[in-house]
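Two complexes come next, and they have one chain in common, chain A, joined by chain B in the first and chain C in the second.
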Partner chain A sequence: MVRFKKRYNLAPYLFILPALLMLAVFIYYPIIQNFIYSFFRFSAFSPTKTFVGLDNFKNLLEDSVVRTGLVNNVRYAVISVIFQVFGGLVVAAILEDKLLRRVAPLLRVIYFMPVVISISVICFLFTFVYHPTVGLLNKFLELIGLKSLAKPWLGLPNTAPFAVIAVSQWQSIGYIMLLFVVAIQKIPQELMEAAEIDGAGRFRRFFSVTLPQVKETLFVTTLITVTGAFLVFNEPYILTRGGGPGTSSITLAVHMYLSGFFRDNMGYASTIAIVIFLITGVLGVLQATLFRTGKDE
Partner chain B sequence: MGRAKAKSKWSNLLCVIVGLFLLAYAVVIVYPLLWMVMSSMKSYNEIYRNVWALPSEWLVSNYVTAWNVGISDYFLNSFLVTGATIVLVLLVGSLAAYGLSQYKSRLIDVLLIVTMGGMMISPQVTLIPLYVLLNEIGVHNTRWALILPYVAFRLPLAILLMRSYFLGVPKELEESARIDGCSPLEVYWRIFVPIGKPIMLTTAMLTAYYAWNEFLFAIIFIDSNKFKTIPSGLMNFRDALRTDWGVLLAGMVIASVPMIILLISLQKHLLRGMSEGAVKG
Partner chain C sequence: MLRKHLGVGLLIVLLFTAVAPAFAQEEVVIRFFHRWPQEPRNSYFAALVKEFQELYPHVRFEVDYVLNDPYKEKIRVLVSTDELPHIFTSWSYSFAQNLVSSGRVKELSEFYAENADWAKDIMPAQIDGFRVGDGVYGVPMTIDGKAFFYNKAIFEKHGLQPPNTTDEFIALLDQLKALGYDMPIMEGLMDAWAVSHYLGTIFQRILDPAVMAKDYNPATGEFTDPGYIKGLEFFRTLTEYMGPIATAIDHETARNMFAAGEVPIVYMQFAEIKMLQRTGFNDFAFFNFPAFPDGKGNPNGLTGAPEGLMLAHNAPKEAEEFLKFIISYDNMLRFVEADGQFVAIWNCLPEDLDEVSLAAYNLVLESDEVVPWLDNAVNITIADIFMRGGQNLAIGVTTPEEVMAQVQKAAAELRKATNN
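Moving on, here comes the complex of A and B:
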């Protein structure tokens, strides 16, 4: 045994080397560069960089768009936790009920379908849904006699952020639901049966058996949902063409993109990236530790 | 007795409410998708005049137009990028997973943390430096500008999944192969790759899902229309079509078909991968 280990001493590292190189070049090197860039002002199209010290960070603190972005990211997080995590859990629990055994597989696939569709397709589809004159939503409101509620959902600063957030819910509830379905299926059958014999009703079983048993999934899904909320880019970029009207539906990631590639201030964009990194990094570490405790149990 | 009756009345009512809720939710999901398919065969005027109505004439030609106007190129690019990403993730990832699961040392532990740490870093945060880097190494605006970052960002999860699978491979298999004179590379190729096929399929599905739908890198690392993948190409497609809604919708349907087919045909693997690799794109 020892002889083998000696002979193949270098082998393990050779196996790992290609992956390590990929990670080093395309993930770790950029993240370090990002910190360095935040002290410079430079253009995407020229190699010269001007050192500006902490100017980017000063601007960041005074930038009202950063605040708007953060507010929208927080809205995203709160609404997504309510709809995706709690909604997903409730839907999963209902689908796993014995009464629905026949239809549950079909409903699962239906609810999951939007998850596999490309985000640009979904956002284009919702520009039709939200279209001011011929949109499905306004036409539907007209149909049920609520025409007064019809409005250009993506065109008003007070509805745009929520209209954008709603699209993400539509797409992602199915994903979180799936995670809960898997978790609920792992609950030992005897637990449920014992509770049933004890006369516990559906609500009682949900709160005293299901909920404690999926606690870990609840933590993990909350964390990935909140992390995802602070990374949102695609939906506002496509639906409101970069966080409009004005900056009402902007998120940090969109602000970063616009700063770097539209206003050509790559250094400042890197500084915004640091904010995103710090927020999501804390959440990521939390998730990793929770995952580990889960594995050990 | 009376109480039990009242209770069952309540629970019947509850069943009805829950049933209606499930149905309404299904309609909210399915209707827009069906509307997309239906309207993709209408003309602009017909969509504009009546959004609900079925097409008076089913314009299958919208699909031909969509395909010829640009979707075919985007499709090809998406296939190439997704295919290359899958191959590289499986190859590089399984090698690393093998090394990380079959050997033990302090350094291996550190390397494991370094690999898994990649999961904490989101693509958004590396966007600016990656753009600069890809320009410097001269791959910006080629398909490699997507493939290389995609592989890197998929590797941690792929390695996590494959490593835990490899850890379950019985030690005796490996030892007996080594006694027979197999080199570590042969052990990897003859034992771990065949045994690991299920997890590799899962990983491949997960990678396909990611690479096919990835948007942020796709719009920034590729400028010219002829290298764009479906998610970013659709943006150009929309702008080029302006009001040709039927054709746009046809393009959207074409773009969604491969993933829907994958979901329906390989449901088990895709869903397993997505639940084991609980990380949001």
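Moving on, here comes the complex of A and C:
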């Protein structure tokens, strides 16, 4: 009886069953359903669906907006890794320096504040910052004698994508910074002291002690930032009214949303969703492999 | 004695408890969804809801509202579910047709017939925008028109005249530019719908009505007429006069620039007249979209389609009463007085209507043809290509030929999907 209990102990499975069920219903089932939908053409208005085989995938390959969206997502990813991950790490390291110990708490709050503001509100505020005639940015450039650099930031195809990306950096750097602050605070003080006794300067301590010690956080934040960059929706949707002018600042998520809910082509939107799913999935696996870890060594 | 009184009292209470439910009406919930969170309309509808509840105390409302574009997206989703609000706003023509195709919108022919006395106040031509097949699926509420508004002081100062043809229009813009107005005309091209308002009118003026009728039908549309290229070229020419900021601002900013005297001409809806007047600017007049010299469309057509209200197929009787309550002469007059936009009720005008508004109202009534907004007239995929294409033309990253190639490809897919 005891042996039977040991062999067929159901308790652990029963404990994980609710979580598994939730995952199955809210994550795996929609993913499979979305995959099936991508083989159909259908409208939100109509209950019937027409099987179109691989037509949606064929259209996807020919769709220049998908390419523009992908380019913008890559721009998001690269710029976000530079500014949010590396920028956040540098800011965190500076704030944790002995010199700033007194003002660090205040600065941490200041840097973190944009994170708690709704992205809709932030985008609304930045429409005033970027406004071509009365915007703060152009007025500031005018004030410091750089009027020639003033532009309709959200109205030009070569500035709109970067103006939108800049808003994300402004908002998210504080969050990443805080993760690094926690990681830096966890570094054993003896390591820093030993490096200091050995005559290592600030830069040397940063590269030889801080950076290796926050490797795990670096992995997590890079993963969050890069996958987040391929899911960006709010900023272009609000700031440039769905990725304008034209489609210059569009992202894959915006294109997916507009295909489904504006152009009423749900099947094609599902196909774009698969692309986003695959990209983020592959990136996650790739990063986990490259960093060779998912946990502390 | 006390026991006797207590007994009578108890009897009354028991009797009342037993009989009361027979008199009390069951609570009815009306879900109302509109697209006017902005003032003064939001307060106006909130007041109507309150007044209706005073007349029908058993009715409880669930009111929801979002702005223009989110409304389009949300109602598209809702109409595909059983959560469709009982009464909701809708644009006319293709937008209404799409909603009706869900099978969840109530057909109102019988409703119109049963309430003939109420319906006689509504302009019949405006009901046409809500006809789908043999049925009527909506009640028009607001009517509108779009025209070029100009700053009278600037025109008078320089002896300028409103143009009759597009050639004269371009000459006028050149003249204004030469006079120092760097941006003689302005539009907020960040709003894609603003592009569609231009293109809808341009195509109507240029194209043969038969070509338009064929192309705007998803089952037959080809969009191969060279008039489309010509129309897009003309639109691109106009955007060249708007300067580089046009794609970075919305329509509201363009209107404010006009009100501030910064730009002499703006393409605007009559519904915006009161908004201009509220800024304190009154020195303006308007002219209809000029005719193309070799255009095949009716040059007296006026762009602007009605917006109205629809009922869900499962709407309670009280929602029908609420619809009649909204579209009644008295309540519509209050609407016009508060908001300034004209309504589809005959002679529903305030007594102190200003000269410009009266002229606009007369133009709406006298126009030979109602030209629907392009995004209401064609399939939304086609409209979207035109709208994005229009923005791309303005920023110089595409050509009219490239836009039309995309439109033709989408039209071919649409034909295939519709005819299958």
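Just so it is clear, the second predicted complex is superposed on the first by the 260 of 297 C-alpha atoms of A that agree within 3 Å, B and C clash if a C-alpha of one lies under 4 Å from a C-alpha of the other, contacts with A are read in each partner's own complex, and residues count from 1 in each chain.
Convention: contacts are C-beta pairs under 8 Å (C-beta built on N, C-alpha and C of every residue); 3 or more make two chains touch, one makes a residue touch a chain.
What you see is a predicted model, and the numbers here were worked out from it, not measured in a lab.
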| item | value |
| --- | --- |
| Partner touching more residues of chain A, whether chain B or chain C | B |
| Partner chain(s) touched by A:Q189 [first = chain B, second = chain C, both, neither] | neither |
| First, second, both or neither for A:A253, with chain B first and chain C second | first |
| Which superposed partner A:S148 touches (first chain B, second chain C, both, neither) | neither |
| Partner chain in contact with A:L178 - chain B first, chain C second, else both or neither | first |
| Touching partner for A:V109 - first (chain B), second (chain C), both, neither | first |
| Contacts of A:T48 with chain B and chain C, given as first, second, both or neither | neither |
| First, second, both or neither for A:G244, with chain B first and chain C second | second |
| Contacts of A:V220 with chain B and chain C, given as first, second, both or neither | first |
| Partner chain in contact with A:F261 - chain B first, chain C second, else both or neither | both |
| Set of chain A residues, in rising order, touched by both chain B and chain C | 44, 261 |
| Residues of chain A defined as touching chain C within the complex | 41, 43-47, 50, 130-133, 151-157, 240-242, 244-248, 258, 261-265 |
| Chain A-facing residues of chain B, complex | 11, 15, 18, 22, 25-26, 28-30, 32-33, 35-36, 39, 47-48, 51-52, 92-93, 95-96, 98-100, 102-103, 105, 107-108, 111, 114-116, 118-122, 124-133, 148-149, 151-153, 155-156, 159, 178, 184-185, 188, 209, 212-213, 215-216, 220, 230-232, 234-235, 238, 245, 248-249, 252, 255-256, 259-260, 262-264, 267, 270-271, 274-275, 278-280 |
| Residue ranges of chain C in contact with chain A within the complex | 69, 72-73, 76-77, 79-80, 98-99, 101-103, 189-192, 244-250, 253, 257, 380-381, 384, 388-389, 391-392, 394-395, 397-398, 417, 420 |
| Residues on chain A engaged by chain B in the complex (per definition of touch) | 4, 8, 11-16, 18-20, 22-23, 25-31, 33-34, 37, 44, 91, 94-95, 99-100, 107, 109-121, 124-126, 128-129, 134-136, 139, 170, 172, 174-175, 178-179, 182, 201-202, 220-221, 224-225, 227-228, 231, 233-234, 238, 253, 256-257, 260-261, 266, 269-270, 273-274, 276-277, 280-281, 284-285, 288 |
